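Both of the next two complexes hold chain A, though its partner changes from chain B to chain C.
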Partner chain A sequence: MAATLAGVPARPRRLLASRRTRIGILYALPAVAYLLALFVYPIFSTLLLSVQDLDGSLTLHWYADALTGVNLSVLFTTLRIAAETALFSLVIGFLLANAISRLRPLPAALAMLIVVVPHFISALVRTYGWIIMLGDKGLVNQLLAGLGVPGAPYQLLYNEIGVVIGTTAMMLPYTVLLLYGVMRGVDRRLLAAAASMGAGRLVIFRRVYLPLVAPGLATAGLLSFILALGYYITPALMGGPNQTMIASLINQQVMKQNQWNGAAAEGVILLLLTFAGLLLVKLVSSLGEAKKRSAS
Partner chain B sequence: MIGLRSTLAGRIALTAFATVILLFLALPIVVIVITSFSKSAFASFPPDSFSLGWYQALFADGSKWPGALSLSAVIASLSTVFSLILGVTAATALTRSELPLRSAVYALVLGPLIIPHIVTALGLFLLFEPASMLGSPLAIALGHTVMASPIAVMILIATLRGIDERLEDAAASMGAGRLTIARRITLPLAAPGMVAAAIFSFITSFDDFYVSQFLSSVGTLTLPVQIYNSLMFDIDPSVTAVSALLIAFAILALVLVGLVRWLGSGRQNALLSVETATALGAPGKETP
Partner chain C sequence: MAEFGVSTPSVGVAGAKPAASTGKALSVVALRKTYGDAVAVDEASMEIAAGEFVTFLGASGSGKTTTLMMIAGFCEPDSGTITVGGRDVTRLAPQKRNLGFVFQQYLLFPHMTVGENVAFPLQLRGVPKEEIRRRVGQTLEMAGLSGFAGRRPRELSGGQQQRVALCRALVYRPPVILMDEPLGALDKKLRDQLQVEIKTIQQELGLTVIYVTHDQEEALVLSDRIAVMRNGRIEQFDTPRELFERPKTAFVADFLGAANFLPGRVEQQSDAHTLVRLDHSGGLLKTRRHDLAAGVAVTVAVQPGRLRVCPPDDGFCTGTVETATYVGSVVRAGVRIDSRDTSRDTSRDTSRDTGRDTGRDTGRDTGRGAPLLRLEVPAGRGPVTGERVGICADPDDVNLFPGEQGR
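Let's turn to the complex of A and B:
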């Protein structure tokens, strides 16, 4: 009796902790098992396939194929279009998010609604909308011709201009959402403090505001870049043969050429680029944290 | 607040620019809806005359669209059920328990959101092809669940975090069993978040193109694959009407989510005292 009483204070807590742990494992199990089987394992088998020759021996020649000739130029095209998309959506997104963050709550909410709703509409459908708008007799060319812009109508489809307009439009809701969060997180007292010490608006913008939002900008730009690397629908529908991106190539290799190993190698390259980008995101955000701590 | 606002001209320029960009975000959607009522066969804008011809063509005999639509709906429903089961359990584990390797589980569960979809789709193809499950609606639904369950988990984590655990503790202290607590306290409070998770899982599966493209066969083309094919290969003008229907579905789904959140927002506040309720904010903030 005395012995059990002595054990009472420590024991229920440990018992409770282990019960909570057991419940946690039990509840986490379905999702973990599911994703291990249908997400992690398939990616590992892709990895394995990319270093296997047709007879099963180890080889790197699928990577050599992926990094030479036409495939290499597809890789460069992918990097170029992703960079263009990230740059344009970052600049336009910055201006738009900045304008929205100055609005009063109700107009700001309405503006964000216009930004967010397209995000939930199929990219396929939105791309089709852009195809209708950018044609020779589409709304955009009619508008340009109506305004008397010389040279109109322009060829805005089936070339890189068309693709970048399309991919930027697909990306913009996402970038604006990220940037809007960053801008709302800026501590306005820092700006007020700079103003009270006599700093001009331009100086405040350059020396206080920009350094504060810079990590967020870099993160948003990198994430947009990473996402754009995998774009498939928009470049395939709005671009020409020179705008083939790596995702289209993977699809062609599997569906048309039955070339699984090559497709696997391309997939692994895309995966590695994604991880490199994520590593940079992590680096930037830890740098940003350090800066924020030293500022306040 | 600063920067361009310094001059009136700059301020006007920024506002005008923002308005134009917002317009261009909305325009492709508006253009599709208007064009779908056009009479002419080729998508020109603005249309010369209006008719419901393309909507009638959608459901005409021999049309491929009703089949694709119902296939996509069946697959999305299955995938929603799977995602909700995985989502509720995983979100419970991540918010209501002491989980070893918590951050690893978190990373795994959210991984499919950041890995390029084409890579996930390729992996699933390599998994299902040898099992000769290509073209099986079940395989496509299982594949979509990989994409949709992270979104369900995210929404449900936010939902469960928004529910004050003290309510559950209070019920427990008054002798309620775990099942009773789940049924009488947690479930009613989490219901709006669960509906949101279900709707977003459904949309994710319904709109998915990558996985469907890799896992479908000639007989089982989902709606997005069918739309892609008709945009890429054969110009079928009724694709405009299908697109307009998809836009209507998406907006309807978002309105539904908004409505459910609005209906659910008062519940917890009624159970808690005023000062804690104001500190909590709205439950179920979903940021997919």
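Let's turn to the complex of A and C:
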């Protein structure tokens, strides 16, 4: 018996007794130190800050402040704009990625370049670009007026339309990249197989293609939602007073009021919202899976 | 969708009679497809009867898959027509042809269970739920997959996945099922097993199947008729027996049976037989009558299994056994046949002496070394290496092709 088990190392009595464990810890050390210093420590100090009163005693009133009055409406605005951004970047991203995934390799690579390269330019520059494009005398409004669209020029800046256009444009490269990868992975012959059985284009899209890219859609939607939640520059520059988002609020508290504790509480709330979003997607996908399993 | 529901017969799958047991299920007329300058399929024509198992057999690039893809609708022909059950489908989209297709890569939908995969084509046709459940159950049971309805395709082995794909293609009883090398991705043992299963199901249900393969053994096992394809053309479309025993071209003789080829000239023509003088041995070989004039250069083709060993100088040629490999029921032997002469010059002289005046021997391979004949003889009294043997063949087993084809 002992001979047959000789190849399998016995469980070490003490954690550091095994040479492999010791070397493993040695390799992990830099990464652990890096994470401790740059992620765990700041997050815990933020947490601590958010529950400390100015005199150092424990309190929850920063959270109470954050969840009442104007601050609460800022929170809701943030959620709404993030959701709208996620939706639009998902829809437009889907259309773009779908079109690109049907191209031959060379044109597809070129198209991806066109989608991604603007992202190399500073977000600030791109935001100012949008402001120029969307102004009363901007390209978009002039085009609409030239085409005789009634009501032109429209107010496309310093309101929610402006913010959503701006943030959607910022998120698009992410959704397109993600969805393109998923779509490239779909075996197109599956669609041909469905056609051979008599499925029309619409049925193939709904029953075969969409379910196959669904995981990508969930990930891309979640990613743009989370990124939009904490987005600062574009909403700050392209929105009006009613489009103040949580990141702008934090900025105001720190820079104008020197109110670190309140800002910390807002930051923690943002973090929790992100977690909630992740959890929600996980829940929805596992629910769908369970429903499928019970149906079969 | 509704019209599908009406037209779908509500008979069960297992043991059901074929929808149309007579008449032609599919016909292809002068089908042609080119890619640039390359002709992929050249004027292919055939008629396939309902309930028939037809195989397109050929090497890669022979046009067999292209022909199948045109029948399925995945690729549009340049010219020609395809008719399924009397309906011209040449320009129809694949989904409107109501055919079944089994792919080499299975192509099961990964997001559906096995049961959902098989139910999918029935759902498309608006079959009632209860009926779907029954037919999916029956079909899976027939394929030996009863307990697998709730599994995901990826949890199944390759052979099981291909069985599911087969179920999915036949559950809605299409008039013709197309199969593109469905066993190509499986190992030999599983392939043999599935061949038998496919053949059994096809016969039980009276399915009309068009099957594509490059494996001639598979084609022989499965098919009622085989279309041997080469360079985009149908070389011969016949039963396996006809292809084997009465090949129309040297290519078919070589492709199906790996025939022995020997050059010769027609010596004499009688009512029942044709006599051929072989270039190498100078021996006379009797064959069944072929309509060829005396003096015409021909290629003789005989399958290795149709050659017999006889006492030296009794047969159409004599030679020395070079190799003899015992492979169970038969011995595979290689016999180097004696040439009349060792040098080419004297070989030519003798050919003149024997009265063959149309000596167009230039460029022919005839004088260059004696050919090796491959034999498959019963193992019992098999030849041994080094033995001197004569070689005989039944006149009916010898095929003649005019000219200097073959190898």
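We take it that the second predicted complex is superposed on the first by the 244 of 296 C-alpha atoms of A that agree within 3 Å, B and C clash if a C-alpha of one lies under 4 Å from a C-alpha of the other, contacts with A are read in each partner's own complex, and residues count from 1 in each chain.
Note that a residue touches a chain if its C-beta (ideal position, glycine included) is under 8 Å from a C-beta of that chain, and two chains touch if they have at least 3 such contacts.
If you're wondering where the values come from, they're calculated on a predicted model, not measured in any experiment.
Trainee: Quick check on the chain A-based superposition: chain B and chain C, clash or fit?
Mentor: fit
Trainee: With the two structures laid over each other on chain A, which partner does A:162 touch: chain B (first), chain C (second), both, or neither?
Mentor: Touch status of A:162: no partner.
Trainee: Just checking: does A:211 make contact with chain B only, chain C only, both, or neither of them? Give me first, second, both or neither.
Mentor: It touches chain C, and chain B stays clear.
Trainee: Decide which partner touches more residues of chain A, taking chain B and chain C as the two options.
Mentor: B
Trainee: Looking at A:197 after the superposition, I want to know if it touches chain B, chain C, both of them or none. Which is it: first, second, both, neither?
Mentor: second
Trainee: Please indicate which partner A:187 is in contact with in the superposed arrangement: first for chain B, second for chain C, both, or neither.
Mentor: second
Trainee: Looking at the overlay, what does A:95 touch: chain B (first), chain C (second), both, or neither?
Mentor: first
Trainee: If you stack the two complexes on chain A, which partner ends up touching A:28: first (chain B), second (chain C), both, or neither?
Mentor: After superposition on chain A, A:28 lies in contact with chain B alone.
Trainee: Identify the partner contact of A:235: answer first if only chain B is touched, second if only chain C is, both if each is, neither if none is.
Mentor: The answer is neither, since A:235 touches no partner chain.
Trainee: In the superposed model, how near does chain B get to chain C, counting Cα atoms only, in Å?
Mentor: 10
Trainee: Taking the complex as given, what residues does chain A use to touch chain C?
Mentor: Chain A residues touching chain C: 187, 189-190, 192-200, 203, 207-208, 211-212, 214, 292-293, 296.
Trainee: Spell out the part of chain B that touches chain A in their complex, as residue ranges.
Mentor: 1-6, 14-15, 17-18, 21-22, 24-29, 31-32, 35, 43-46, 85-87, 89-90, 92-94, 96-100, 105, 108-109, 111-112, 114-120, 122-127, 142-143, 145-146, 149, 153, 203, 207, 209-210, 213-214, 224, 227-228, 231-232, 239-240, 243, 246-247, 250-251, 253-254
Trainee: Chain A touches which residues of chain C in the complex?
Mentor: Result: residues 4, 72-74, 93-96, 98-101, 103, 105, 107, 109-111, 113, 115-116, 120-121, 124-125, 149-150, 168-169, 172, 178 of chain C touch chain A.
Trainee: If we count contacts the way the header does, which residues on chain A are in touch with chain B in the complex?
Mentor: Residue positions touching the partner: 17, 20-21, 23-32, 34-36, 38-43, 45-46, 49, 92, 95-96, 98-102, 111, 114-115, 117-118, 120-133, 135, 137-139, 169, 172-173, 188, 191, 201-202, 204-205, 209, 226, 229-230, 232-233, 236-237, 246-247, 250-251, 254, 260, 263-264, 267, 270-271, 274, 278.
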